[in-house]
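What follows is a set of structures to go through.
In the two complexes below, chain A is the common chain; its partner is chain B in one and chain C in the other.
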Partner chain A sequence: MTINVSNYMMQTVKSSVQIALSFTLLLVTNFGLHAEELSLDNSNTTNVTNNEVTKTVRDIIDQANLASYYAGNDGSAEARIIIVDENGNRQMRQFTILRKDVQDLGDQNMLVFFSQPSNVKDTVFRVEKQLKGDDNRWLFLPALDLVKRISAGDKRTSFVGSHFYYEDVSGRNPKEDNFTLVSEDKTNYTITAKPKDQNSVEFSSYTVKINKQNFLPTETIYFDQSNQAIRQMTVLQVQDIDGIPTVMKSRITNLSNNSYTEMQFRNVKYNLGLPDNIFSERSMRTPPKAWLE
Partner chain B sequence: MNYQRLLNFAIEKPKVIYSLILLITLLSVAMLPKIAIDTDPENMLSQDAPARVFHNQIKTEFLMRDMIVVGLVSKNSIFTPEILNIVEQLTNDILQLDGVIAEDLLSLNVVDNISQLTNEQGVNQGVLFEYLMKQAPTSAKASQEIQQAVKRLPMLNNTLVSGDDKAVSIYVPIIAKDQSYIIAEQIRALAANITAIEQENLAFHITGLPVAEDQFGYEMFVQMGVAAPLAGVAIFLLLWFFFRNIALIIAPMVVAMATVLIIMGSLIGLGFTVHIMSSMIAIFLMPIAVVDSVHILSEFADRFKAGDDASKTIKKVMGHLYKPMLFTSITSAVGFYSLMLTPIPPVKVFGAFIGSGILLAFVLTITYIPAYIARMKPETLAKLQRAVALMEQKGRLANSLEKLGAFSVKRTKLILITFIALFAVSLVGVNRIIINDNPVNWFKADHEIRIADKALNKHFAGTYNAWLVFSNNNPQQQKALDSFSKILNTAYDGETKIAIAETYNQWLKIDSNEKSSFFTQDLLIQLDDFRFSANELEQPWLEQLYNVSEQANNAQKIFTDPEMLNWLAKLQTAVVNKGDVGKINSLTDIISTVNRELNSGDDKDFAIPNTSNGVAQTLLQFQSSHRPQDLWHFVSPDYQRTLLWLQMTSGDNQHMANVVSWIDNYINENPPPIDVQHQWAGKSYLNVVWQDAMVSGMIDSLLSSFVIVFIMMMLLFRSIKYGILAMLPLTFTITMIYGLVGWFGKAYDMPIAVLSALTLGLSIDFAIHFIQRVRELEVEHQSLSKALKAMFQEPSRAITRNAIVIAIGFTPLLLSPLMPYITVGFFLASIMILSALVTLVLLPAILTILARDRKTKNTKKLA
Partner chain C sequence: MSANNENNDDWADAWVEAPPPSPWQLTGFVEAAYGQFLQSNVVKDGASLNELRARINLDYSHKFFEASGKLDSYYDAVLAKTIFQTRELSISASPFSFVDIKAGRQVLTWGTGDYLFVNDLFAKDWQSFFSGRADEYLKAPSNSLRSNWFYKEVNFTLVWTPEFTPDNYITGERFSFYSPQAQQIVAPANAFTVDKTSQAQWSARLKTRIKAVEFSLYGYRGFWPTPMGSKVQVENQAYFPKLNSWGVSALAPFKGGIVNIEYASYNSIEDTHGNNDRIANGQHRLLIGYEHELAKNFTASMQYYLERTKNYQAWLENSANPEQLVAENRHLLTLRLSYRAQKQTLLYSIFTFYSPSDKDGYIKPSVNYQYNDQWLLSAGANVFFGEQEYSFFGQHQDNSNAWLRARYQY
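On to the complex of A and B.
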């Protein structure tokens, strides 16, 4: 289905960041590239606009990281995921995400408020994404009246039963992989990544296509030890929101049985001016209604 | 008589007969390479049998896989770094195999743990989700931590690690059960490569019904290649012993070979799979096919004198034997054809093709054998005669038969009383018969599959699976439907309304039997989509529609209802406490485990949350694991169906049947809080279903063939008396054989069930030949006692010889590594000997008594 985004376009927010940093919220790419070492200087901007300059693979990855995870100072979006199992059964979940960067390209705070199905309504996830060390994660379950801190052995667990992993949502640290630029054509860079610690992940490598215009990864394929493709992320729709190319629809497919999850966004807003204090335990029990529409 | 013309033709134009047989045989042989083996016990039920349809529906819906169970058994705890390392290595190797469904594989290093996170001071830091054993531990302490964790995870405890900690298993799901033998072999090879297994003194085992079945198929193939030729050799040797004339006995061998090849070729050519039953066809047909020839050869050797015209003699012999041979062939065929009345496809095929094989053998015998004998050289014929005479002279067989004959006529009362007593005892035995089967028991006790089965089921909760499925077949939705249509009717007209109304009307048209919930996730997604394309005016009622639908959808999720779940948990406990079932894995365990860890982590919190929403939220957490898909093995995505996975330590159908009836009772006495239907699936259950069908089917088949044969006997002998007499030996034989089965406690399983029809078909032969000859001899000698005396010369020798040929012909089955073949071989041999004996003892005794009565009556009348 197509979303007529213009209907939901929020009032224009002046963005001070003019470089093509797009905000895909937590989403989509498998590149949660914490590009802390990147400098946001003008040379980068030049490189983005003048593709004739051949980039090093590190530059591309850093650029993609920027495009994928750090757009605006903050943002909100309504998300809908549709999980389709190998029998074709569909399940829908809906939630709203609030995000605020503590520091551009640094730590981030996030809140995820579930609205559908109604039996999990008001379930809240809170994340303090930390570049140095494990993320802090909390969970509020209204029916059990329970706030609980969550700890996970790794970031490759399912995001609420979908084909998206927690890491797909929060971002994979580029320091965990070694990258090779395999090829480039008019529109895309193709890069292969190999994890430095094979034991920390379920794949042995992945190949990602990065769009030369907006630096959004458009397709990522994961391979297992015997070089079989096992998992695929595809961007299905990109929309310009306030001049920021934003992934509005993407899909992750389990290639062994063709089950998949589609994630769609609506009502994407950037630079709302979210106050810091809403990213607290209080907001989990009492959602900040003003910022949730 | 038509046969006379056929016989003349065969003798005059033998080459036509020869070429015809050769041509048909070659055509059939050309079909043999198309052979397809089928060992799936599921095929004991027809494709559309309701139990099987449901089983497969559940398998697809819940993504239940066929599982190979790999086990490692240690003398001590398996929680050591060395052994856990082996588990990790073996698991990773198995995950690389083609045909293995990696994401559903269960092993310590791919499953998740959920536990409490505490800091060094022991203060609770929250809940921890992680792999149970991402890498094998290097220290004893870390190994023990894994041990502690497993004990707290009911889904794994006693499934992946045995209760005594001495065995560890890997559940390997495979994409198709017909690959299980290949995959099992690959896993065996992988294990053989891990030298540590031997160093650690671990016993390595593979079990699981798919492996047993597929392995059986493999061995069946080998078996067919060995036992059938062996049966051929045994019969050949026996014939040589009887007739001492290679040239002569080639004829019956040709008949046997041609029959077997044509029947097997046409079975395969017609597209039937070779099932465990049909794999026995060759071995059955071989001895049966030579029986008529033995009669012909015996009598020919008796009648033929040096210098006679062989053609003339054979014509006489054939004229004499044609009728009894025709009748014995038809009755035997009827016995086998009656198997087609059973509702079990492989048994039907077996019956049909053996029945036809018998008729084919008859046709071949009455054309080919005379043609062949008529063309034999005089020297060969003379040799044959000498050999027969020699055998007859010194024949121990001849002597014993004469004695037996004398005994039968003298001791009539003793014989009668003995038989009546035996019959009564046998009837008691028949009542003691236990109906049971277990595909694993198809292997001998020392087979590696049986050993693995025993070892793993000793340690674990059980490797045999049955699935108990509860369904909400009657979703409550009328109120919601009313609101839905009301809102829709008042809605603003437009494209959106038309589209939604279309969906609604489509659903209304569905036949009420197939109707399920209207308020599905698909409807919600559709409505949600509309909300984003609809205009402002449409928004309010669209939202109303969505809310009504969402609430209705939510209300139908009965397996998030705490009351329902607590009822299921109670049922589980009751079933396990009762015995027979080692363990039940279910949705309630998942919910209670996650709920415990979300709360205090203490046992008191191992419980179902108080509200449906609480259950749903707990499950949302479970799904935030490495294996969210595990949930859908236990509940359907719409939460209207749940599956309980019962692990049982035995594959005995009897145990399964007990569990089924016990649970039916329990549910009657403790009805569930919400009206749900319960149904069974799983391999262990299917075995029960086809076995029930087989038992009742066999009774039908036996009774109907009994009646048909009885009518045929009365027609053949044109006498009710002789009709009844002819049925007596087989009635005694069948009752005695089944009496023995009952007394010895041998379970009534598939091979035993099939025997009844075979017994009927084969043992009637002896009675027919006996009565036919006695009546002829009585007319000839004008005296029953003289006739009986004569009977115990050549005719009884032919009967005995035939019994021996068939009995010995079946003995190669005893060498089989597979139990069903051994059973069939043993019982058939016994049946042949027994029914020949019964015929030779009981019939003369009764005939004598009847004659005496008649005499007495006659004398009285005279007086």
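On to the complex of A and C.
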């Protein structure tokens, strides 16, 4: 899967489309949504009464994870987030994302190029998402010409000051929760998840509705220890992009004060054939223009 | 504003209609800054910082290149003059698939330290650092040609600065310092004259990554970035002696944090044996650091730094004031604590330097509040302490100051 650098560049100039198709990588566009990374592993099926149900829950969760974070082999999208605090004050961030999957439901590489507001313009955030270990993260600060390695950190901290956590953007590791299928109707599965390590998160459980047709989670509500709803993710708009149902607009609300962040996408593209080597320090200083248009 | 929740969709939909992207982009800010010494100082002005600044950033994007200009114009009431400063005026391009070039005025940085520089000998602006200007001003621009070469996982960077660019060091214009000649704290009103060479400096780095670990090898050929020498023949005139260096660094994730280690060997080639009291000796510089997020939004980082003077005995024997020399091993510890609150709009930070060998230190607390996308308010202090008035930080005790800044970004 590694591509010779010079090779890639020459080909790109000629025809990016062809190359794109020849790679198996996946891109992410969808990741804007919160991470209902529901996933199961064998160990947490013990409390489930029957194997058939178990299998179903796991399938749903895997499919939801795929639909939310691993659509296509790779992807690009323009995104903006609008942060609205409890007093109605707004802040905005605009950025372009490039994503490529190393493996479906596995590791991913991601680049986030900020364009607005002016105080974050040309800042670049780079992540290597690793399921078996801490993510690798870097930040490029253009004013200092500095590429700073940043520690993996708490994944449930705010992504650029928004109500979205890092985990909402890049996906919560499915192995961190136990899942139960609570109910299903014509359109949705309703699944409850409990974190295996209560101390690692600010909620004690969450309930997610997953659309039966496209397996996109459409609503997630997080509850605290006293079973009060504290945080809610709602999908506001889904659009079909190249046959892939894609969340174009979603919102996370802090239910304690009704402050919220809305995340919106446009110009979503899948299966571009992003070369592996653009997910590098080089791209942080010199953004790969050909893939950002 | 109360209708935000309901009417959110209006402007959200509007965003879908992308305006045609322009190749030109204009951004910038206007900033007022004021700082004051916390005690009497021998400098002329009681203010350490007093300026009104306008920044214009103009970028142009072409299919084959990027052009970037960053111009600062400000009225500096401490120096009582208007200053125009080009922080960047550069063109970047990738003439071949394996090379990126950036030519022109630019800011350059590398190495693994936090406020400590081991292999990074690019120009710094210590006056800005001491006065409470934004962090970006710690790095001074230079007119350079940077080429970045890529081969698989290996990156080679070569920077040519045709005319040596020194630091903006402490001159007495804005801050006082200890003069070993005068044996006291001085602040010459007219900055002391320094003989500046116009020769070139070269910086190189070879960097690669093996799994999660980043390794770098560095080389430098140029001059000490501060005037570490004085000429006998010209009335003690200060100048920048030649300096060559090489070094290495490694950086890796470790136990949920980031660990870094960096070493450099400074060869002061005009005084290889260390017996010339007028020229700084070579040094070994070693840095070990660790950063870790202790709690949500609360990060701590520590560094241990060693500056070991080469040929110390020779220096001691030839020194006019041996009792005031820095120890052979100058140890320095730093601790940075930072806490982000209110959706990361409020940043509390404190950075502390402490040297057990010099028995001195420097504390830099600050608060930054991003009120909205336009307004940034900051306040902080630079507090120096030490037992001796000739030690590295001790000489700056009277320079201790507190500052405020308000910036409007557009």
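Please note the rule applied: the second predicted complex is superposed on the first by the 236 of 293 C-alpha atoms of A that agree within 3 Å, B and C clash if a C-alpha of one lies under 4 Å from a C-alpha of the other, contacts with A are read in each partner's own complex, and residues count from 1 in each chain.
As a working rule, a residue touches a chain if its C-beta (ideal position, glycine included) is under 8 Å from a C-beta of that chain, and two chains touch if they have at least 3 such contacts.
Just so it is clear, the model here is predicted, and its values are computed rather than measured.
Asker: Do chain B and chain C fit side by side on chain A in the superposed arrangement, or is it a clash?
Answerer: By the criteria stated at the top, chain C and chain B clash after superposition.
Asker: Contact-wise, after the overlay, does A:212 reach chain B, chain C, both or neither (first, second, both, neither)?
Answerer: neither
Asker: Which holds for A:123: it touches chain B only (first), chain C only (second), both, or neither?
Answerer: In the superposition, A:123 touches chain B alone.
Asker: After superposition on the shared chain, which partner residues are touched by A:84: those of chain B (first), chain C (second), both, or neither?
Answerer: In the superposition, A:84 contacts chain C only.
Asker: In the overlay, answer first, second, both or neither for which of chain B and chain C A:199 touches.
Answerer: first
Asker: Output check: A:225 vs chain B and chain C. Expected answer is one of first, second, both, neither. What do you get?
Answerer: Touch status of A:225: first partner only.
Asker: By the touch definition at the top of the document, which applies to A:58: first (chain B), second (chain C), both, or neither?
Answerer: In the superposition, A:58 contacts neither chain B nor chain C.
Asker: Looking at A:161, would you say it contacts chain B, chain C, both, or neither? Reply first, second, both or neither.
Answerer: In the superposition, A:161 touches chain B and chain C alike.
Asker: Who does A:256 touch here: chain B (first), chain C (second), both, or neither?
Answerer: A:256: touches chain B, not chain C.
Asker: Just to be sure I read the superposition right, which of the two partners does A:134 touch: chain B = first, chain C = second, or both, or neither?
Answerer: second
Asker: Residue overlap on chain A between the chain B contact set and the chain C contact set?
Answerer: Of chain A, residues 7, 80, 82, 85, 87, 89-92, 117-119, 121, 143-144, 146, 149-154, 156-158, 160-162, 266 contact chain B in one complex and chain C in the other.
Asker: Show which residues of chain A lie in contact with chain C when the two form their complex.
Answerer: Going through chain A, the ones touching chain C are 2, 5-10, 78, 80, 82-85, 87-92, 117-119, 121, 134, 136, 143-146, 149-154, 156-158, 160-163, 236, 249, 251, 258, 260, 262, 264, 266-267, 281-282, 285-286, 289.
Asker: Quick check: in the complex, which residue numbers of chain A touch chain B?
Answerer: 1, 3-4, 7, 80, 82, 85-87, 89-92, 94, 114, 116-121, 123, 139, 141-144, 146, 148-154, 156-162, 166, 199, 225-226, 254, 256-257, 266
Asker: Can you list the residues on chain B that touch chain A in the complex?
Answerer: Those in contact with chain A are residues 60-61, 63, 96, 101-103, 117, 125-131, 134-135, 521-522, 524-525, 528-529, 532-533, 550-551, 553-554, 557, 560, 595, 598-599, 609, 611-618, 620-621, 623-626, 628-629, 631-632, 636-638.
Asker: Help me check something: in the complex, which residues belonging to chain C touch chain A?
Answerer: The touching residues are 1-2, 4-5, 8-9, 12, 15-16, 18, 25, 27-29, 57, 61, 63, 92, 94, 96-98, 100, 106-109, 135-136, 138-139, 148, 150-152, 155, 212, 214, 251, 253, 256-258, 291-293, 295-297, 299, 343-345, 370, 372-374, 376, 409-410.
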